[in-house]
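Each chain gets a letter, A, B, C, D, E and F, in the order it is written, and its residues are counted from 1.
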Amino acid sequence: MQELLINSLSNLSSPMILFFILGFIATMLKSDLEIPEAIAKGLAIYFIMAIGFKGGAEIAKSGLTNVVITSAIIAILLGSIIPVISYFVLNKIGKIDAINSCAIAAHYGSISVVTFVTAISFLGSIEVPYSGFMVGMMAIMESPAIFISILMLRIVKRKENVESRLHYKELIKGSLFNASIVLLFGSMLIGYYSGSEGMEIVSPFFVTPFNGILTLFLLEMGMLAGKRIGEFKAVGIFLFFFGISMPVINGVIAAVLSFIIGLDIGDRLLFTVLSASASYIVAPAAIRLEMPQANPSYYITMSLAITFPFNIIFGIPVYYSLCNLIQ
Amino acid sequence: MKKLEIIIETIGLNSVIRILEKQNISGYSIIERVLGKGSSGLRQGGELSNVMKNVLVIIVDEPDKINLVVKEVKQLLKDFSGVMFISDVEVEN
Amino acid sequence: MKKLEIIIETIGLNSVIRILEKQNISGYSIIERVLGKGSSGLRQGGELSNVMKNVLVIIVDEPDKINLVVKEVKQLLKDFSGVMFISDVEVEN
Amino acid sequence: MKKLEIIIETIGLNSVIRILEKQNISGYSIIERVLGKGSSGLRQGGELSNVMKNVLVIIVDEPDKINLVVKEVKQLLKDFSGVMFISDVEVEN
Amino acid sequence: MQELLINSLSNLSSPMILFFILGFIATMLKSDLEIPEAIAKGLAIYFIMAIGFKGGAEIAKSGLTNVVITSAIIAILLGSIIPVISYFVLNKIGKIDAINSCAIAAHYGSISVVTFVTAISFLGSIEVPYSGFMVGMMAIMESPAIFISILMLRIVKRKENVESRLHYKELIKGSLFNASIVLLFGSMLIGYYSGSEGMEIVSPFFVTPFNGILTLFLLEMGMLAGKRIGEFKAVGIFLFFFGISMPVINGVIAAVLSFIIGLDIGDRLLFTVLSASASYIVAPAAIRLEMPQANPSYYITMSLAITFPFNIIFGIPVYYSLCNLIQ
Amino acid sequence: MQELLINSLSNLSSPMILFFILGFIATMLKSDLEIPEAIAKGLAIYFIMAIGFKGGAEIAKSGLTNVVITSAIIAILLGSIIPVISYFVLNKIGKIDAINSCAIAAHYGSISVVTFVTAISFLGSIEVPYSGFMVGMMAIMESPAIFISILMLRIVKRKENVESRLHYKELIKGSLFNASIVLLFGSMLIGYYSGSEGMEIVSPFFVTPFNGILTLFLLEMGMLAGKRIGEFKAVGIFLFFFGISMPVINGVIAAVLSFIIGLDIGDRLLFTVLSASASYIVAPAAIRLEMPQANPSYYITMSLAITFPFNIIFGIPVYYSLCNLIQ
């Protein structure tokens, strides 16, 4: 408990988190702080390259054990069961209609890269190591929930004979070959292949200023999140609570599963964070295409303006304590 | 000649282009990053997924060809947010 | 239906939107970063304050509604740089 | 009044502006980064030279003035990719 | 005198200033060097974060003395009297009409962040320290001149019964909660709160490459300034001389006042630079809204293309000698 | 031969090249990885500043010998003969019409900054020095080929009485005062003038993270190149082979000439790379203006999507072995 407090406070006094909060508040105050989107997109690419490369280089150094395969199975499992659980919570408890339930479920089953990056930075600050292959787990967890949710909607709606609109080709392209997956796996491969020598070449850009650049990125993310605050009312009280409690539930599931397969604390935290996080880049684009009747205000606001800030500010230290408890 | 203007959410652009290609439309123009408001609410950008942005597609062509496009895009607009309007123009070449 | 196009300096956009909201306009579109020249000189961007850029607002609606908007925007254009023009369009939905 | 819309490849913009200046056109607007397709193929951006992007120039003026501009731009369009179309508008000021 | 020469030459041979001049000349030559605005806006945010954070961290280390309060009073005072003096010079000596006089006065009373950043870099190069709270003084000096100028216009025009157009809400929002003020104070708070530990985390991004990044930013600023060169003629000879002499007058006032309240040389230079600098981001937006009859070509060209280059290239070393003289 | 293999493999395992390939493949897979153009343009400016400054500072340290003048003559010579040779290969062997032959010739006679930057990074990795003035040679070689090609077209077409469309003013402005030339020479001057002291100030931004930032830039360049893959078919088999064999021919010429004038291996490689590279920023803009009947799909696709990848991935180590052979 005391440890949780210490970690929470240390997290809350990290410049990264504080700049996120600053961005959030600045936008709420309707400050005219403009966020050049190009910069945000450029930084997103930077972080994917940085963590991918670092993960690959780490694997090159320490090798891969069998735990990778078990981990990959767990990753797919988590990506498949979280949307199902989420759907039932939304539809049965929250009485949210089937389409919006499926749409939201897809987001919570998928993952948020920035939350993962922040968790890595948190582990660095408390000097807890993690395995390079966990970056691959993130890539693996990005798409299954999207497929599962689309499947769920088809099952639920099969009687209604809803005009089917499955863009197979675009969906698979968008989910398997989407930007972040290709770039993540690619960067891992490059990091693996170019090893510690390559690491030396790129580390003044990808390692040394990593945390500093993260403050700038989280400031921008805070502004993006704060910009949606006006749509809170539209979201409603149930979905708001869903947005801060579902991550904890998903986190617990992941913490337990990753403990069972015998992962170390760092990797367990990362699995927990991945499960707790909700997608706001890949999932919205896929779901908008597949479920046009679902309301994008719901899922974008929830994942970007509720769950993301919650995870970044409070979630990560809480999940860390959680992982420490379960052993 | 007729000018058809289609304002549609960004993820629908590919489908519009496919229709234009199918109908052998000789030329079109695209303006990206169009924000707006409509029956599906505000689309004011400010996210990294481009789900909250529109594009404007401008097509100038024979009335007959425009009508064929209109018919197909109408179908498309059942699934995508957007509007479409036609006006008369005189083409100078 | 009528199409109203308003080109106005960026800092006037909020006031235009307020008018559209007041008149319960059902939909509109915004294109940012419009450069140009007019009675108030060149607006060629190239500064960080956005004072030297315009926006284009497109509104398609019933003639009556458009007229109400026109009346109010006319007032606005006394204080902000900009122009406004109306044309006929056929809406397809 | 007439509205003239010129869609032309980016490197032709300076020549268009020179024509507008020569004809003493009182005002015009420019939208940059217009992509498209036409007789000269796809212009989908994605290069650093801006050769594969168009601009849209909008000019609202008296029919006579527009005609003078049209005549000169027609000449220009022999050397630059682009199209041009005219429509009727009502100006509100 | 000799010292002035040395400092001027050293300033003129700093890569930052040279790249500014390069950008200016390149644009004058009509080189097609394009300045991606998004990059310039992103860099502006970087510098505000960097100096804010550094200022806050410095305060955390050295504490705050009573001089802060006197300084804040001086800051508000300077921000209030400079526009008044400027107005009289413009209107009475230059015969500029009341509206344009008020509009221009607002710009010279407000401040330029980039000029301040360049002065900080100059102090670094001659190894003269400055106080962290001076960043706060910059934030304080941003808005008063705008309010004072609007007030002046109302007084001057009260007989004319000019249709009043005060956008109270937008004005106050735009002036008190504008981007740079919120971000500056926020970054200071974060720097203060996360202290030297936080500093260590962000310094590879906010400190080490600071001067290098400044060369890129000043290149872009030089290009933006050079782009307006065509409007010099429109501005006229009087306003041109105003643009290079008013800064010196304002600088002298600030140098004297800051000497009286007993500040050290570094802080005095910064006060002088703040007073001498003219706003080209915040003030134009506010003044365009409040004084639509004023000609934006005047104030933007003057502050961005005349006063800013003058201050950057010649002003800063001159002001430094000035501060050294007054003691 | 063995050395070539080693260098090729070492080049192929450098993170820079690997990220280029990743970008290329990702875009081919139609991944939705978006490239914020503003970032690419900003990075292009960064690299021009970095190599220009470094070149100038190096000259300040080691001085200039007579070889610079001979080198400049060689640079102009190469820039003048390569388009002529290219024209004949295209028009006589490939049966490409005169206009497109001239247009393409201009691109292969001009140079690619990014290829040059990658070659510098390659030399760094194998620890071979090069002279600072070579950056100036790049600037010198940018325009002659464009002028020569326009001249060739006029000669070829003189009988046809083609309506002449020479935009003298815009052409000269665009070729002599174009962005990269002004910025390159300017940065060299600044580097020369501010010397090793200036170098110290900017090196944490322009030197330390140079290779790391290059990975990000090459990823983006790979994406831009990959985006054009669809137009390969339009280009045809002859032009494809031209795009990978002409660089080698041009490279051999440059390797021989630079050996004759007695340059060191590093400088010889750079001359070879400059000659082998094809322009895809400056030349397209100039040629589009002067030869509107030429098909931009040809020259942009060839220089950006064929020759550039070829040079980056295979060319540079091959050219290095070539230079080593010729002695």
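Quick note on the criterion: contacts are C-beta pairs under 8 Å (C-beta built on N, C-alpha and C of every residue); 3 or more make two chains touch, one makes a residue touch a chain.
These numbers come from a predicted model, not from an experiment.
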Problem set entry | Mutual neighbours - chains that touch subunit A and subunit F alike | E
Exercise. In terms of residue numbering, is the interface formed by subunit A and subunit E classified as same (over half shared) or different (under half shared)?
Worked result: different
Exercise. What is the distance, in whole Å, between the centres of subunit A and subunit B, each centre taken as the mean of its C-alpha atoms?
Worked result: 33
Problem set entry | Centre-to-centre distance between subunit E and subunit B (centres being mean Cα positions), rounded to whole Å | 45
For this session: Send over the residues of subunit B in touch with two or more other chains.
Result: 31, 87-88
Problem set entry | Per-residue overlap in subunit A, given as positions that touch at least 2 other chains | 36-39, 41, 208-209, 285
For this session: Kindly provide every pair of chains that touch.
Result: A-B, A-E, A-F, B-C, B-D, C-D, C-E, D-F, E-F
Seminar exercise, completed: Note: in the complex, subunit B contacts subunit A through residues 9, 11, 14, 40-41, 44-52, 79-80
For this session: Write out the stretch or stretches of subunit C touching subunit D in their complex.
Result: 5, 7, 31, 33-39, 54, 56, 70, 73-74, 77, 83-88
Exercise. Considering the complex alone, what residue numbers of subunit C touch subunit B?
Worked result: 1, 3, 26-32, 58, 60, 87-93
Seminar exercise, completed: In the complex, the residues of subunit A that touch subunit B are 35, 37, 40-41, 44, 165, 170, 224, 227-228, 280-282, 284-285, 288-289, 292, 295-297, 300, 304
Problem set entry | Contacting residues of subunit A [partner subunit E, same complex] | 13-15, 18-19, 22, 25-26, 29-34, 36-39, 125, 208-209, 211-213, 215-216, 219
